[in-house]
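Across the two complexes that follow, chain A remains constant while its partner is chain B and subsequently chain C.
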Partner chain A sequence: MSLSLFFHLVNLESRKLMSYRVDFWITMLVNLVVNLVVLWALWTAIFAESGAEIVGGWDLPGILAYGVMVFLTGRIVRGGDLQMTISTDIYDGALSRYLLYPRHYAITKYAQQVGNVMPDLFQSVLMGLVAIPVLGLSTTATVTPLSVAMVIPTILVAHLLFFLMSLIPQYIAFWADNVWSLSVLLRFVTMLLGGAMLPLSLFPDQVQQVLRWLPFVYLFEFPTLVVLGKVDFTQWYIGIGTCLLWCLVIGTLSVPVWRRGDLRYTGVGI
Partner chain B sequence: MIKVRDLRKVFRVHRKEPGLAASVRSLFRRNWVDKVAVTGSTFDVNEGEIVGLIGANGAGKTTLVKMLSGIIHPTSGEAEVLGHVPWHRNDDFRRQIALVMGQKAQMWWDLPGADCFELLREIYQIPRDQYRKSLERLSSMLGIGEEMTIQIRRLSLGERMKMELIAALLHSPRVVYLDEPTIGLDITTQRAVRDFLLDYRRENAPAMILTSHYMEDIERLCERIIIIRKGDIVYDGSLERVIHEYAPYKQLRLNIHRASTLQPDSEVLEKMGQVVECTPGSICLRVSRAKVPEVAAELLRKYSVIDLSIEDPEIGDTIERIMAGRTGDSE
Partner chain C sequence: MVRYLRLYLHFLRFSFSRSLEYRMDFWFRIVMDCMFYAVELIFFTVLYQHTDLLGGWNYDQVLIFVAGYLVIDAIHMTVFSNNLWWLPIYVNKGDLDYYIVRPVSSLFFLSLRDFAANSFLNLVIAGGILAWAILRYPGELGTSNLLWFLFLILNGNFLHYILQMYFMIPVFWTHTNRGLVMAFFSATKLMERPDRIYPKWTRRILMTIFPVLLVIALPARVLFDGPDPLLIAQILGVTAIAFLGMRAFWNLALRNYSSASS
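Now for the complex of A and B:
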């Protein structure tokens, strides 16, 4: 696929979403307020109850910053929560249209997914500018211009990894029609094991050791630690490289699943 | 341009009995059945030819079109379109075909036509100059103007279909599949679409396969038809030949002076042919083609005729009879 087509698709998709103004602003405000309130209430209570100043290597402002950042970066990584578009295309026959075009289907969907991220990216930056001063500064986490520069490519590869991880569960729609439950399961598992709900440093040591070998950590925790300045250059290179390796492995695994599923496609709905 | 040899498609479908108990049972055990959609089709379509694919609902027309456009894989058999196997989905093949579906919007619902076309320009890598000329020509042929800047979902059905046609033909495909392109459209728009397709064929000479339930589409656009019944091709030939082959009779209609002393008698008429109507002053007889001159002469001799007409049966009726498996003049 040519770069100009890729960016054309990104552009169209983001324009489409941002044309719904009411939805755009309400989504942002509700998400921001609910998350700030929940994070603050939860972690204030935990710190007050434990009486400790540091929990799992984090002080209260630090863990609040982690909560906010993992929420903001996570929204971008998940690509606007549209990870069911492929299974929906298979289910309702909209895939047929894409099969007619002389372009690679998965890459086309990825371009659309990137386009879907744009409103989230814009919102996340705005929310970050509001949330960080409200939550205060931490001694255990700091956002610097360098950490912001480092997090941009980190989020890009994390977004690609999430897209590729969602391919196989979505291709199951060739056999099962409705894969909504799989999509929910994927989201829950990736968020839990990827550190979107809790920093992984709060998990038992053995679990942490296992999780370091899995791809989930690169989706949410790794980009968050990068933006909070907790990852040095060497760790960053290795992290990005490992994430790309996972992209390659998972992308390769998805190819035979697509080929088998494609043979079963009936184009129902047309 | 299109070669199809013994193409067959069998779908495996889940059969579910009605009711709650059956729904619960189906959670544990499913009842699968094979449904033959297309049974070994063989035919060719040449450049500049519009072939009408006719059949009742569920006859297998759309399945055949889906296979020939590469959307689905066949169970067995072969097909070659522009030298490519359609379901291999070679980019060179996909750049040269188009599929228009009357029952399914293929454009981006939330975008205006102009944005959709610009995206298609990128997808098909149409040079800007050629794109501009093509868009101008197609939109003027279909009478599309300011509708181009309105979101697709806000357009009327007829306007949407015109947009779909522009979208499908922008890249000047050499093979065009039209699956019920006039369904649900008003008579004026149907006519506009038919005229447009004829003009497009005249200028570009693509091979076209058209499915439609409207006989007017078939009669206006197709010289050749393929009739499918339960996945099987039961007729492949010219529209004209179908009448001679499957309706080897003509209808003789006579108006007779009511004042005449000799009025038609059905017993006498039955010896000449099949009586369709026999009332005082009016006769309609179905007579085998070979006997038409003889019967017409006898009727003219016998009755005081005001008016005589000799007609072929309605083509739609003939095709309907073939689709239903009732052929010949035996009924």
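Now for the complex of A and C:
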């Protein structure tokens, strides 16, 4: 697929999503307020009731910054609401149209997914500008221009990894009528094991060691640690490289599933 | 009343036979919900590695609180969730016509018609987790506390449905309520944490204007601290007012409904 076509699809998808402006702003506002309230209340209570000044290597402003940043970067990594479109295309027969196009279906969907992320990216930057000054200074986390520059490619790679991870559950739609539950299941697992709900440094040591070997950490925790200046340059490029390796592994695993499913596809509804 | 009960039994029969047509989805949904339960329990278990109390509750108490929330979620997924999912589609396609001309309450019919039989097993599992959390509780939980708690869980479930309806009904005017529904699901995070972690004014708002703390956090307080008549009156009173308001809102929406198909 040529780059100009790829970016044309990105542009088309972003504009489609932005046409529902009221939805766009309501979701953003409520999400931001609720997350800030819950985050602030929960961690203030934990620090007050435990009497500790450092929890899992974080002070209170640091862990609040982690909570805000993981929420903002996570929205971009998860990438809009396209998680069900592949299975829907398979179920209602819209896939037939894409199969006739001279472009690979997964790449077309990835371009649409990137387009879906653009409004999230815009929202996240806006929310960050509101939330970060409220959090106060931390001794355990600092956002610098360098860390912001480093996080951009990190998020792009994490987003690709999440897209590839969600391909196989979506392809199951070739065999099952409804795979919504599988997408939600993937979301629960990645949120917990990827550090979106809690920093992984809060888990017991042995669990942390296991989690470091899994791909989930590169989805949410790694980009957040990068933006908070907790990752040095060497750790950063090793992290990016490992994440790309996981993309390769998971992408490769999805190919035989697609091929078998494609053979089975009957194009109902056309 | 008997007519409505008979009608509901028919809904159940149709729903069970329909769900058995999609067996793979049946099992996927069970696995998904079990994973949701595991994630919620692990989240609090990890937090309690770093503190003994949260919002004044110890780990044993918070387990009961979380299990209560899981039961409410399971009842919601079984009884209401599918119906509320279809509501905006009916409104926008004009299919609501078929429901408002029937000789039964349209609110009853549209809220309860589709019973998610595949989530029913999850309700049993969530109930099992609650029973386990209560049985392993080291302290004394009085029978009356327990009965009030179970009753208030049912009430909390009804309140959860009412609150979601407030976010669904605007679809009659806006034609897309995706933003509002997403906002509601975000806001439900507020009910998944112990009430005492919130500052005084936030807590007041969450007990009156947007009463999500009445869904499970305050029923759990009744279980641990005993049935305070004032608190129970507040929970039931707010639920009743919320229901009357929602019904009036629904009737107003129906008056504004113009069938898309005509």
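Basically, the second predicted complex is superposed on the first by the 269 of 270 C-alpha atoms of A that agree within 3 Å, B and C clash if a C-alpha of one lies under 4 Å from a C-alpha of the other, contacts with A are read in each partner's own complex, and residues count from 1 in each chain.
Operating definition for what follows: contacts are C-beta pairs under 8 Å (C-beta built on N, C-alpha and C of every residue); 3 or more make two chains touch, one makes a residue touch a chain.
Since this is a predicted model, take the numbers as computed values, not measurements.
Contact comparison for chain A: of chain B and chain C, C touches the greater number of residues. Of the two partner chains, neither chain B nor chain C is touched by A:Ala149. In the superposition on chain A, contact of A:Val30 is made with chain C only, not with chain B.
In the superposition on chain A, A:Ala176 makes contact with chain C only, while chain B stays out of contact range.
In the superposition on chain A, A:Phe203 contacts chain C only, with no contact to chain B.
After overlaying the two complexes on the shared chain, residue contacts for A:Leu42 are found with chain C alone; chain B is out of touch.
Of the two partner chains placed around the shared chain by superposition, neither chain B nor chain C is touched by A:Val249. Contacts of A:Ala52 after superposition: chain C is touched, whereas chain B is not reached.
In the three-chain superposition model, chain A touches chain B and chain C at no common residue.
Touching chain A in their complex are the following residues of chain C: 22, 24-25, 28-29, 31-32, 35-36, 39, 42-43, 46-47, 49-55, 174, 176, 178-180, 182-183, 186-187, 189-190, 193-194, 196-199, 202.
By the touch rule above, chain A contacts chain B in their complex via residues 2, 4-5, 8-9, 12, 16, 19, 93, 96-97, 99-103, 262-263, 265-267, 269-270.
Within the complex formed with chain C, the residues of chain A that make contact are 20, 22-27, 29-31, 34-35, 37-38, 41-42, 44-46, 49-50, 52, 55-56, 175-179, 181-182, 184-185, 188-189, 191-192, 197-198, 202-204. Of all residues in chain B, only 11, 62, 66, 69-73, 89, 91-92, 94-95, 97-99, 101, 103-104, 106, 108, 110-111, 115, 118-119, 122-125, 179 touch chain A in the complex they form.
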